[in-house]
Amino acid sequence: MGKGRLEAFSDGVIAIIITIMVLELKVPGEHSLASLAPLAPVLLSYVLSFGYVGIYWNNHHHMLSTIHKVSGAVLWANLHLLFWLSLFPFTTAWMGENHFAAVPTAVYGLVLLMAALAYLILQQALIAADGQGSVLRRAVGSDWKGKLSPALYLAGIALTLWRSWAGQVIYVLAALLWLIPDRRIEKVVHD
Amino acid sequence: MGKGRLEAFSDGVIAIIITIMVLELKVPGEHSLASLAPLAPVLLSYVLSFGYVGIYWNNHHHMLSTIHKVSGAVLWANLHLLFWLSLFPFTTAWMGENHFAAVPTAVYGLVLLMAALAYLILQQALIAADGQGSVLRRAVGSDWKGKLSPALYLAGIALTLWRSWAGQVIYVLAALLWLIPDRRIEKVVHD
Amino acid sequence: MGKGRLEAFSDGVIAIIITIMVLELKVPGEHSLASLAPLAPVLLSYVLSFGYVGIYWNNHHHMLSTIHKVSGAVLWANLHLLFWLSLFPFTTAWMGENHFAAVPTAVYGLVLLMAALAYLILQQALIAADGQGSVLRRAVGSDWKGKLSPALYLAGIALTLWRSWAGQVIYVLAALLWLIPDRRIEKVVHD
Amino acid sequence: MGKGRLEAFSDGVIAIIITIMVLELKVPGEHSLASLAPLAPVLLSYVLSFGYVGIYWNNHHHMLSTIHKVSGAVLWANLHLLFWLSLFPFTTAWMGENHFAAVPTAVYGLVLLMAALAYLILQQALIAADGQGSVLRRAVGSDWKGKLSPALYLAGIALTLWRSWAGQVIYVLAALLWLIPDRRIEKVVHD
């Protein structure tokens, strides 16, 4: 079974998720610059989530580029990942509209955590489908980022019980971790 | 006529359907954990429909993978299927927001039934377009799942007159039926 | 310049247009079967527009399948068509929510008319870009459907001044005209 | 790394942006022709933004057509461009609903400016990824349009402090500048 439609469908869903988040930026009823001020937390929350969805798309793109075969398990593992990503618009809006209060921040982190776990499951399903000598298996290696991220999200969720900004700092750091270019896949492919 | 754009268009519509359903998860006005409780039925309803739309995408993907030619009848049969799928966001939200009351549950089942029939019609149109020796014809075989599903949805709709949870149980069972991997198409292709 | 991205972008926009129309089917506040009754005109209006957008997608698909080159003029003519199609969700909802009153019905017809003219302009731009011996030029021939449709929409708009149902009958007939399979393109291609 | 998914994802996001803008055309509560009048500024604002998003899609399409390789920096520069484009529905609606008042017009110009700068950054990232002898580098040349546009948007923003219509005139002129066909890329490719 080819991977073309899996990529196309995932691109479609991720493109819609990243775009409908902006619908939560509700147009103010008046036209003063001051009327934009209450939107600042919603915009900040949107920027963070836009970054996260962008990271997932980039990583998905990278991961699939090394793969030749997909299985039924891969299709379901991919849908499972898309499910958790589809909850980003909800948690993004809830966190932004409530000015980064503790509970919405913790729930935001919970969805980040579930998406990270779903990504790891998809990675395993792809390696299993790809068979012996999988380029992805070698490329992933010890995968410290993939394993560190869920731990960071857990830490972020726990920290919101103390101070919600501490949780947000952790989420931002976890995102920046992924912005550092990952040379593993290119390296293994080029060897 | 190639099948590429048929797949691309269907992927686009299905990706949008699966994603706009999440817009019915309305962001609560306050930030307590308790304010999420009323969303539980809407979320459950969303999970069920996400699963169903995912099943349709998977099956559509599988079915089209065996096909080389599409006809005008196939294009219309495909649009007919997409029409019924496009009503999922409406019935999902109505059922969820009304806490799985009997009438919305029955209407939800009716749309499931119509989509299942539309899928069978598309299958026939594809077999007809594919001509003699169609791989799909052999792969589909007696197609007990395709024929059992509409009967299950009918039973589910009828049971909502007695107890609405009984209808929901049937819908969930019918979905699980499709999660069991279907080896027919791979088997015939690999023979 | 390849036609691949033109097709992909058009498929995306048309897929979104056909799907967001369903958002106008507002979920009723209660769960009786009677609460669905007021939605009947909105649903009917949606069915008509779903058919029209499906027809445009089918015809677009057909027309592009004969083409090898696209020009800058084609890109703009295509965007112009997509602009008029993007107004369908608005006119569909306005006509449906107002129970097919005269003014919204006339405006609905006006957008149909503009889309039909935009389609003819795109056809001309494609023929011009395709050069001498264009398959599309021969396939289109006298193009009685493409020329009859705008006349029908004009007649429909005029008839709404008398009775709005008369306009709707014309719009339905004009849609049915396109459902009759068009063998011209296949015929010329196969000669 | 191939450019196929980058194009597909960008097409998806741009297609959604161009289409959800139309959701701001709120369906009037009544069915008189007069009830459409208050929508005129929203529609005008939509037409301008539809044109701009169409221009970005066309230019993106052109620019990518000359490119063979994409890098990690290109993926992020592309997401950065999509971020600013994703704010168009917000600024379009705000400007339209407030009848082109000064502040929303200036903010609209600010988002135009940021998108134009993001486009220039993407262009540089593509040239850097494409290596020596990049067709794009030669095609872009002195790129007077790309450099003039941000200056025009800045001028437009400044002029809104005097008269908001003056800013809008500048935005329209800057759009028309791009409608004039750009032969640079075709010319270099054909040399």
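For clarity, chains are labelled A, B, C and D in written order, and residue numbers in each chain start from 1.
By our rule, a residue touches a chain if its C-beta (ideal position, glycine included) is under 8 Å from a C-beta of that chain, and two chains touch if they have at least 3 such contacts.
Given the structure is predicted, the values throughout are model-derived calculations rather than measurements.
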| item | value |
| --- | --- |
| Numbering shared by both copies at the chain B-chain A contact, with half separating same from different | different |
| Remotest chain, chain B as reference, centres from CA atoms | D |
| Centroid distance [mean C-alpha coordinates] between chain D and chain B, Å | 37 |
| Gap in Å, rounded to a whole number, between the CA centres of chain D and chain C | 26 |
| Chain D residues counted as touching two or more neighbouring chains | 8, 12, 15-16, 20, 23 |
| Sites on chain A touched by chain B in the complex | 1-2, 5-6, 8-9, 12-13, 15-17, 20, 23-24, 72, 75-76, 79, 82-83, 86-87, 89-90, 93-94, 97-98, 101-104, 107 |
| Residue numbers on chain A that touch chain D, as the complex places them | 7-8, 11-12, 14-16, 18-20, 22-23, 25, 27-28, 30-33, 36, 47, 50, 54, 57-58, 61-62, 65, 179, 181, 186 |
